[in-house]
Amino acid sequence: MIAALLLLIPFVGALALLLLRPAQARPIALAATLASLAVVLYAWATFTGGAITHLDLAWADAWGLRLTMGHDGVGLLLLLLTGVVFPFIVAAGYGQPEDRPATFNALLLFTQSFLYGVFLAQNAVLFYIFYELTLIPVFLLLLYWGGEHRRSITMRFFIYTLLGGLALLFGIVYLLVQNGGNGDFAALAAMDLPAGTQQWLFWALFLAFAIKLPIFPFHGWQPETYHMAPLQGTMVLGAVMLKMGLYGVYRLVLPVVPAGTAYWQDTVIVLALIGAVYGGVIAFRQSDLKRLVAYSSLSHVGLLCAGLFAGNAYGIGGSLYQAFAHAILVLCMFYIVGAVQERTGTTDLRAMGGLKNAAPRLAALYLLVVVNAVALPLTQSFVGEWLMFAGLWQVKGWYAFLGLTTIVLGAIYVFYAYQQVMLGPGRDGPAAADASMRDHLVLVPLIAITLLLGVWPGPVLDLVDGPVLQLLSGLTAP
Amino acid sequence: MEQGILTAIRTVPLDHYVLLSFLLFGIGAAGVALRRNTIIVLMCIELMFNSVNLLLAAFSAHHSDPRGQVFVFFIMLVAAAEVTVGLSILVMMKRIVDSVDVDQMNRLKG
Amino acid sequence: MAALFYILAALSVISALTVVGARNPVTSVIALVVCFLSIAAHYVLLNAQFLAMVHVIVYTGAIMVLFLFVIMLLNLNKPDGPRKSLAMRLAAAVAGGLLFITLAAAVRQGVQIPPAAGFDPGVGLVRSVGHVLFTEFLLPFEVSSVLFLSAIVGVVMLAKKDKDGTDQATDITEAERARRAA
Amino acid sequence: MNQDLLAALVPALPLAGAIILASLRRKLSANAAGGLATALIVGAFAASVLLFLGFDAAQGGRTVKLLDWVRLAGMDIPLALRIDALSLTMMFIVTGVGALIHLYSIGYMHADERAATFFAQLNLFTFAMLLLVMGSNFLVTFIGWEGVGLCSYLLIGFWYRTPEYNYAARKAFVMNRIGDVGMVLAMVLLFQRFGTLEYDAIMDRASGVNDPLMVAATLFLFLGATGKSAQIPLFTWLPDAMAGPTPVSALIHAATMVTAGIFLTVRSSALFELAPFTQDIILWVGTATALLAASIGLFQNDIKKVLAYSTVSQLGYMFVALGLGSYSAAMFHVTTHAFFKALLFLGAGSVIHALGGEQDIRRMGGLKAPVRTTYITFLIGTIAIAGLPLMSGFFSKDLIMAFAFQRSPVLFALLLAGALMTAFYMFRLLFLVFHGSYRGKAHPHESPLTMTVPLMVLSVLSVAGGLLNLPHLFGGHEAMKHFLETAAEGIRYESLELSAMTEIVLMALTTVLVGVVIYIAHGRFAVKATLEGDEAAMPFLKRLVARRWRVDELYRALFERPFGWLSTNLHAIAENRVVAPLVRGVGDAALRVGETVRGLQTGNAGFHLLAMLCGLILLLTFTLMGG
């Protein structure tokens, strides 16, 4: 029931928008996302732990494919994330001039529906189908509403991610064949593949996620795409789409090819951490705010991925927790970018400065976001990062050290950007408007979530606790 | 009913029927590729249809199963419909580009 | 008996080759009529009288007449103009031949045709075919009428001219038409 | 009142103040905001006093758990406060000195349009600092640790329109963050080793552990401490931090935040006792910092910069004490230093206020008469820091020097040199500012009462602070040491075994030399006001010192520039030449394949049929061969 509702509410909303093409598309889209959020919250309120199956229908039984949908704590966390994030993404569109708002919001809703599907699927093939489906609305969003060079960049992004998707498809098909056609996650996790097979199968499965996340050096599509994409498209990409990669690793890589993961663990962690440092270093000298945020996201994601591959409770738990925090952070950051761009008409840092004189409230909101961005304690990011560092330390000490350099780098570029945008003497020209009602309505709840979950992370950590321990016990068992 | 004349299938091996229809099919196929005149191409397609029909009829007789012949009947139906449409397309083509050359119809070129 | 089969077989092959080889379309049509008649004769030999009748009526009577009509209508009764390049023709001939050989080889090698169980000479009679057609295949039979309907509609659509005299089913520009004609 | 509730109230009051002030910052007047902020800090102080009265040192500390915080898979780190002698001592300093500085700020900031914001941030700082000292585990302390860093950033860059101030603020934050790396590493290490981060549990389990990991953990902790407490190599941010309003310098960069490193070391003294190697490092880093900073202080012309380097130098003394294992001496000096350095900064602020923002001592002089109260209090502060007998600084610094002598006379000599330099630059400052004739243009006026009252209170404390830990020699019984002993394990191991005679000789020697130095300073600066001229004209060594040993330039050349270079070039080379082409390559390859294959689509029906035939033939052949 819940699964069906989650899939259908946004989907039907999107269809309604496409068919009726109402003049006021946003309120309808917002209502749909809020309705689905209510469903997710209900699912959370009634969740008592363990794994829940909502739906189990025969589909193509000849191949052993079943329409299995459900979630455990981690799945619920990501459903929550999807539910929480989308109302804000839709709301972020208010007041922004756009053509064809009905189609635009319909595409957003389609994305949400498919994302729910990704996080609900309990079958590898079903997962794959939703995983690739999400690409279609996002592709259209980028292609029609993107900025400069949108065609070539979108095509590149599309082809690149599809390439990873192909590898994933191959891996899943191989698993299906090996497993007698049973593609349920639980059944796949119970497989015991020979170590040699796992070593190459790991990359077949992981490549798609590595590109989606992205980790170094597969991130080439990201900065340009983030820079070019419409604001809301970037939010979707950065806040949720990327988490599909993490979730995929958690669901399909760690439990299915444990020996392969162990074999490549160090490689992936090192790559991810290199990416984290690399993104942090590059971000500092970016002259464009959007690119700076894009590289900072690369840096954060590197850490997330490293934490996940630490392969212990703190690393995995922290990474999953941080996935949520990062989504909220990305929303805030890009919203701020949009708000700043709206006021200054540019995203070029060199052309900015002193916005605080005209917009002190916006500056204060930005500052609160910055606090989360540098993972100060009592914000959500800190809990996740602390857990990840603890996890990384248990693997190798210098992994934790390498990861920790990002907190220095983060402080450097985040505060640099803040200073370039907000501080300094005021600029000549028409006074920019201070933060509006809309800005407050979007940012204040997000910041409140950040602080609340920073002080009291228990509810979310409890979601992660059980599944992660179960995963680990499955890994250590012979 | 005089059995002698009408049951060639009992004296002629089935193989030969198969070979005959293959031969006709091959000739038809070669013809389609060979000729540029659209009307002849259409005729060659009919020829291929008929080779298949023959094969079906032969098997039907061999197995004493009337269903194969019903199938031939349906193929004839489709062939008749196909020919009417095909010939009208031909007429249109002649009218528009003043030619019945298949090689002129290459708008699907990549 | 068997001799009759081989004579008819030779006749159909030769006429089929003539269809493909003749330069004049009218010759091709006549050859095809001969081919179809020989195939009808084969049907008779197979004791499939119903098929033979329908074949003669539909193919020779209707379809081939239609072909001749079109040829006369479009004034195609003169030898062909351009021919395909030699390489193309050679390739086509070789491909057709190869197809025959491969198919034949396939049958020779792989397919074991089971011997007929019992022999019923009455299968090809109108009674038995009709019985099957109107019981087991009633639905496809009726549905085929829809096929004809759509074919009729399609042909009318294609042949109809617009009010302003331009052709309906085309988006080919004048310039392109000129290029094609050239 | 319930002790737990009281404990929670101490940080809650400033936090509430910060939230209220931040949300009402547009509606409150400067005085109202300042009054509210001060009242709340006074409230927190009162709560601390009540806590102290209800506290029984003999029973040891108590832990007040507020909330579950990070709890995952066996890690259970609560948000909890710890009330023991050490945290109480620090709470007194933070809320007591803090309240005075808040009061002072009402006068100092009354004309600033963003005064309410200022007080909100100051309250937030107090909250963070209280969490730092009251945390019952490393992670809660780390909340405060980072929180004070943030507030420090905000307050240094309070006047955000000046780019240099913003740069100084960022510099402070980043350098602190470098230290934080060490702090976090220490925490993850300790957590892995002990499975908990609670102070009492770790100190219990650590006793007797002989483990190289302890050396690593303490070194990491010390790295964190160097960042926060401005020691070599991370000290350059503190002088720049003087960009903030003067009360900020007094509260954050003199009295409280910069002593966090010392606090942390005392807190985990049991660990440091297990790592003599780390203690030696601390000792020498502290000594080097004390001397380096003192030498730089000799030639500074900015009134606040002199005090800043003096702070760095004094912090060095505290680390020397820590390195010597005399934690009580360090804490004692933290306390007295909080009094007299806050006093000095506030006095300097009063001078700056009086001169309408002037900070260059070359344009001061002769202010003795116009700002009489400020002069007297500043004089008391100067005497205290110089360590003239019976002042608070005398007892605390002397204790450290006695411990140093016990370790090695060379160390004592070095520290003595530092003390003499301190006396010299402090009296140079005093004389150049207050004596001689006025060299500026503004019209000096005495500060309002809200500013002078804190000065007077602090000067009393600066004089009498020594009583807190009066040594046996002067008839006291080291009250502070015995009090702290219940909280910091390391104190139990410290012992000063110098004879009374030796101590007296050392004190006398120090005092006489300081007196001589003061006399020289008087001659040079009070009588004729010798001003430093152009740096370019100085001899090499002096120029080097005056330019702060060129450490800033060194760091810029060693770190900042290469980092910028790296950032630019990683982007230009690695990103644009390697990673981006990878993506482009995949896209282009796909395009090129399409471009090539499309040639096959001739649109010629005959050709396509032929291709189909060929495919059919091949397929059949393959099945025949394979089958």
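Some observations on this one:
Read from first to last, the chains carry the letters A, B, C and D; within each, the first residue is number 1.
Quick note on the criterion: contacts are C-beta pairs under 8 Å (C-beta built on N, C-alpha and C of every residue); 3 or more make two chains touch, one makes a residue touch a chain.
All values reported here derive from a predicted model rather than from experimental measurement.
The chains in contact with subunit A as well as with subunit C are D. Just to note, of B-D and A-D, the chains joined by more C-beta pairs in contact are A-D.
Subunit B and subunit D, compared by their mean Cα positions, are separated by 94 Å. Note on chain placement: the centre of subunit A and the centre of subunit D lie 37 Å apart, centres being C-alpha means.
Mean C-alpha position of subunit B lies 4 Å from that of subunit C. Note: centroid distance subunit A to subunit B, computed from Cα atoms, is 59 Å. Residue positions 606, 610, 613 of subunit D are each in touch with at least two other chains. Residue positions 84, 88, 91-92, 95-96, 99, 103 of subunit C are each in touch with at least two other chains. Annotation for subunit B: residues touching 2 or more other chains are 29, 33-34, 36, 103. The set of touching chain pairs reads A-D, B-C, B-D, C-D, using the touch definition from the header.
Considering their complex, residues 84, 88, 91-92, 95-96, 98-99, 102-103, 105-106, 109-110 of subunit C touch subunit D. By the touch criterion given at the top, residues 598-606, 609-610, 613 of subunit D touch subunit B in their complex. Remark: subunit D residues 606-607, 610, 613-614, 616-617, 620-621, 623-624, 627 touch subunit C in the complex. The touching residues of subunit C, counted against subunit B in their complex, run 1-2, 4-5, 9, 12-13, 16-17, 19-20, 25, 28-29, 32, 35-36, 39, 42-48, 50-51, 54-55, 58-59, 62-63, 66-67, 70-71, 73-74, 76, 80-84, 88-89, 91-93, 95-97, 99-100, 103-104, 107, 113, 116-124, 128-129, 131-133, 136-137, 140, 144, 147-148, 150-152, 154-155, 158-159, 167, 169-170, 172, 177, 180-181.
Put simply, subunit B touches subunit D in their complex at residues 29, 32-34, 36, 41, 102-103, 105-110.
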